[in-house]
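As structure tokens, the structure follows; a few thoughts come after it.
Going by the order they are written in, the chains are A, B, C and D; count residues from 1 in each one.
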Amino acid sequence: MAIAPLLRKMFMVDLMKGLNVTFRYQDPKEVYTEQYPLERPVIAERYRGLPRLNVNPDTGETLCIACNLCATACPEHLIAVGSQRNPVTKRKEMTTFTYDVSRCMFCGLCAEACSTDCLELSQDFEIAQYSRDDLVFDRERLERGSEPTVYTR
Amino acid sequence: MLDYITSYFRSTVTPGQANNQFWALVYILIVFGGVSMIVMIMNWAERKALAHMQVRLGPMRVGPHGLLQPIADALKLFTKEDIMPAEADKPIFWFAPVWVVVVAFTGFIVVPFGVAHAVTDMNIGLLFMLGVSSLGVLGIVMAGWASNSHFPLMGSLRSSAQMVSYEIAMGLAVVSAVLMTGFLGTGMYGIGEGTASGTLSMIGIVQAQQAQHVWFVFKFFPVGLVAFVIFAIAMVAETNRTPFDLPEAESELVAGFHTEYSGLRWSLFMLGEYAAMVAVSSIAITLWLGGWMRPFASIHGPSIAIPFFWEHPELGVVDMISYLVPAGVLFLLAFFCFFNALRMPKHPAMRPQVIGLWALGVVMGGIGLVLLAPPVRDRIQDIFWFVAKIAVFLYLYIWYRATFPRYRFDQLMRVGWKVLLPVGLGVLLLTGLIGLSPELVTWIKGVMLWR
Amino acid sequence: MADETTPKDQPTPPQPEKPAETPAAKADAAAPTTEAKLAETPAAKADAATPPKPAAPAAAAAKPAAPAKPAAPAKPAGPTPQPWESEMTTTLKRQYGSAIKETSTYVGQKYMVVDPTVVDEILQLLRDDEQFDYLVDCTAVHYPNREQQFDVVWILYSFPRNERIRVKTMIKEGDAVTSATPIWETANWLEREVFDMFGIKFEGHPDLKRILLPDGWKGHPLRKDYGILQQDTEWVKINLGIESGQ
Amino acid sequence: MTDTSKPGFYEDAGATGTFLDANEMVLNMGPQHPSTHGVLRVILKLDGEKVLGTECIIGYLHRGVEKIAENRTYTMFNPYVDRMDYVASVSNGLGYCLAIEKLLNVEAPPRACYIRVILTELNRIASHQLWLGTHALDIGAMTPLFYTFRDREEILKIFEKYCGARLTTHAFRIGGTQYETYEGFEQDVKKFCKFVAPKMDEYEELLTTNRIWLQRTKGVGLISAEDAIAMGVTGPVLRASGVKWDLRKAQPYSLYEKFDFEVPIGINGDTYDRYLVRVAEMRQSLRIVEQAVDSIPEGPIMAKVPKVIKPPVGEVYVSIEAPKGELGYFVVSDGSTQPYRVRVRPPSFVNLQALDKMVRGALVADVVAVIGTLDIVLGEVDR
């Protein structure tokens, strides 16, 4: 038997190597934890989070043209667009918009289908609610968009 | 009555030896409280150290840096619903955790935190300690059996097999150390004049190391070291800690013998386990690491005298410095508190925590100042060094836990029986041979002359 | 969960009708061309156009001379199954004759349609003599409007040849197929899954029981007559103690 | 549920013929168990600690993905495949897109292929990292888990930046990819490669030579090459048995033939070899990623695919080398907008079948190690 492996085994070099790694990592600089409510995570620009209906920032009118593409594209069929033809402009106008976030899997197909960039998945990821009903978003809630959680003591 | 109480102040032996029941009781309470305190601190330290080794932060919210986490957990466990399985063997199920805790704490009767700082000193102290600490397995087997469930049963069976096999290796290593107490003479290879009989008294063992001017871990180098390593491995196995945590192997047996336990009962198991860790660590410290002695206890340096502060003509400057270490450590802790308080996140929600940390720092500093006072300082020395050594051991436990995978049952047995046991026997034999070498030499000479 | 938030029904047509248009309607258009091409397998073609049978323009690609029937307007012609002749197929055909109903390739993927009576022999032969040592998958497809309702498909791969073929057979409802478990151990669970999902029995399977669904479940979900929202409400009620959510 | 207490549930119930023989114990592991990786339920028949036989009960996570597919259009079904093997969702998506592309007879443009390769290989690293962490945790080493998760996080960040989701990415579309690379994608990927290579050494330092790790993994869960092939086992499990077979080499897809990488293989087919193979695969994946990101071509990212996907009638089987093994999609089209049948050939499902063979005669602790080493994801097993 070769002497070097025997010695290595006797002095537990293999175990020491592991101990060394864990010891080194005690440096507080290595800590990877994000203290979440205190430190906000960086959310990517393309993040697919809470849905939002965009409004025209100048006029406050919705951008939705009630084309129903999002509802058609949705694999879970969780979008329902109610529309009405405006007798004056002869255009379809969105009246109601329901989005059931509880069933949403955030695939982004609806936002891709939207022809006016109205429906969009925003960067808001804090969508926990106390009941399932609260997760069925209506038009008003969707237009309000992201509501960052405020933590109070 | 008062005389009875105060008479002990003049005594230099343990209350048990002084036959002073009152102080024995006080000591018991102090030891119980102290060990519980250590367990709590260990609980916090384990989480923090483990977390940092695993690039995490660990508890951060309950108190500054999670310092109050053990208390919060204890509260949680006390108030949790106490579940007893319907099919459990109820008396035994109830008794098992109590047994584990009682046994774990009983051993501390003979642990010498200082020359006079033990509840009592038995002439068979070591034997008592080993015997009591190995009784803990009984509680585990009871728990596993009484749960009437497969996972606990397997855990407890593993536990009993494991403890029995590691007891033997442990015993051999211990006997080697006990033999060393009999070989007088000083220094690493100081081979004594004559074969004084050794001692099993815990205080006696430390005193032997004091007299021989060597920690037994270095005696007959490397025999003592090997014996110590055997004990160090066996004691990890004995306390069911990683990498020998098979009885509670989380990933295989869910939680092993305490799968069915919850709330207070479960916390008793934890308390027992951690207390047992402290107990076996103190055996190791007593036997090999010089007990309450500070490192390099035989070096005193030139003698020095500072009025009102240092009036020990028999002790030197090195002693003085070492006497300042306890206070220094507390000042260091206080400094860490202040430093971390400054580094805490600047957030209104963190304000109470920052204040708490400052307060803790102040308390630490205050204790440090108290420890500087000569009467306190002189009396706290032994305890401080002993506890410091325990802390090192506990850190090792945490460190192992962070690093090592778990042995498999058969491999564990193999390590116990095929590695530790033969090595232990060899060490025992070597200790005897080296220790008796003068006699052997004379004997051989005699034999040859007689021819 | 109830669907009250999406009152609009999904745009998909009701399930069972869907496959109806495919095989029955289009088979006639495509059959003659294949017939001319593959003299061996006229019978198989005529009654059921299981093998990937493109719409009419595809036939044109297969046989340029044939009068192309304009079908779906402006739709690019899809690929068609091409006959596949090789040493292996000729050996097999010589040995089994008309039991090998078709050997073709479709977009470069080889497959053969065989008679259910000889399928186990052919699988055995493919493994032993032709080195198809790895059963990739065993699955089934349900065609409710066909007389032989089920396609059972074995996908084989050969490590030495780096080649993949599919063996297909068509069986009637209630018919059993011989299990491939003695040939490839991996067939065990795969066949159990086919049994679970389609109710196709495999003769000689060591332990043919449901695998993904609970044992007492009624119905076989991947059959076309098992709707997507349908579930075994009775089972749910007994075992989970809740009213079915659907 | 299976009634396991029925006499004769196990074929070899012992010499006495009664099920409750005094020497045997039936241990129900899971579905709630720390190391069955989800909701796998394994019923072990034990003689002391020795395993006499196992019975896997699966289906607790069955969602009927194949049935859903028949009721969704081709495009709509794409996000669902991410939910099968949720730790390697990019690979799932790639396999599905390739299958439909084959059915449509289109090919993704080179740039899309390169993006696909980069993401898939990153996903392979992420999947293996998750495997390594959990596998080590099963064997008792808790620390590698945190290191691997930390490093996996960097991959997930790249995913998040690229396609907006971390786990169930839905990154690819039929015909290419939906998203153009974001600003700084290449730098991010390169930075990651630089960052993770030394970290892999660290995992190895903790485990590869550690005697306890060696004892726990060497000779455990042995499966020979013949058995592995007969069991249909694929991926690293097959390669660890010494079969040099990787679909990326054997039948290259998505321009894998352009990249230079090796297929690591093991010798013994034990848990340790599987560990080594996977660690080596991570490094090879890094190599591929580095090559791909260096030579990523310009061009379109989407082939010409109609808005409404209506493949011609036909059926195809397309498989890719997912991190767990061969992931195949058998798609039957009837010419409509919805697939007539989508069959997923899940590597985990087939690999799990080998569990019984691998643990017979081993100890309970080995069962955990073998479940870990098979690298199953219950989402994919049950679908």
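Assorted remarks:
Everything below uses one rule, namely that contacts are C-beta pairs under 8 Å (C-beta built on N, C-alpha and C of every residue); 3 or more make two chains touch, one makes a residue touch a chain.
This one's a predicted model, so the numbers in the text were calculated from it and none came from an experiment.
For chain pairs C-D and A-B, the one joined by more C-beta pairs in contact is C-D. On a Cα centroid basis, the chain most remote from chain A in this structure is B. Averaging C-alpha coordinates per chain places the centre of chain C 26 Å away from that of chain D.
Averaging Cα coordinates per chain places chain A and chain B 50 Å apart. Centre-to-centre spacing of chain B and chain D amounts to 46 Å, using the average Cα coordinate of each chain. Rounded to a whole number, the gap between the C-alpha centres of chain B and chain C is 70 angstrom. Residue positions 53-56, 402-404 of chain B each touch two or more of the other chains. Residue positions of chain C touching 2 or more other chains: 10.
Residue positions 72, 143, 146-147, 150, 206-207, 210, 212 of chain D are each in touch with at least two other chains. Those residues of chain D that touch chain A in the complex are listed here as 72, 75-80, 83, 143, 146-147, 150, 153, 157, 160-165, 168, 170, 178-179, 182, 202, 205-207, 209-212.
Here chain B touches chain D in the complex through residues 53-56, 150-151, 154, 158, 242-243, 245-246, 249-254, 401-411, going by the rule given at the top. Interface residues of chain A facing chain B in the complex, by the touch rule stated above, are 15, 18-19, 21-23, 25-28, 30-33, 35, 37-39, 151, 153.
Within the complex formed with chain A, the chain B residues making contact are 49, 52-57, 60, 345, 347, 349-350, 399-400, 402-404.
Note for the complex: chain C touches chain D at residues 10, 12, 15, 18-19, 21-22, 26, 52-55, 58, 75, 77-79, 81, 106-107, 109, 133-137, 139, 141-142, 153, 155, 159, 162, 164, 166, 184-186, 188-190, 193, 197, 209-215, 221-222, 224, 226, 228, 239.
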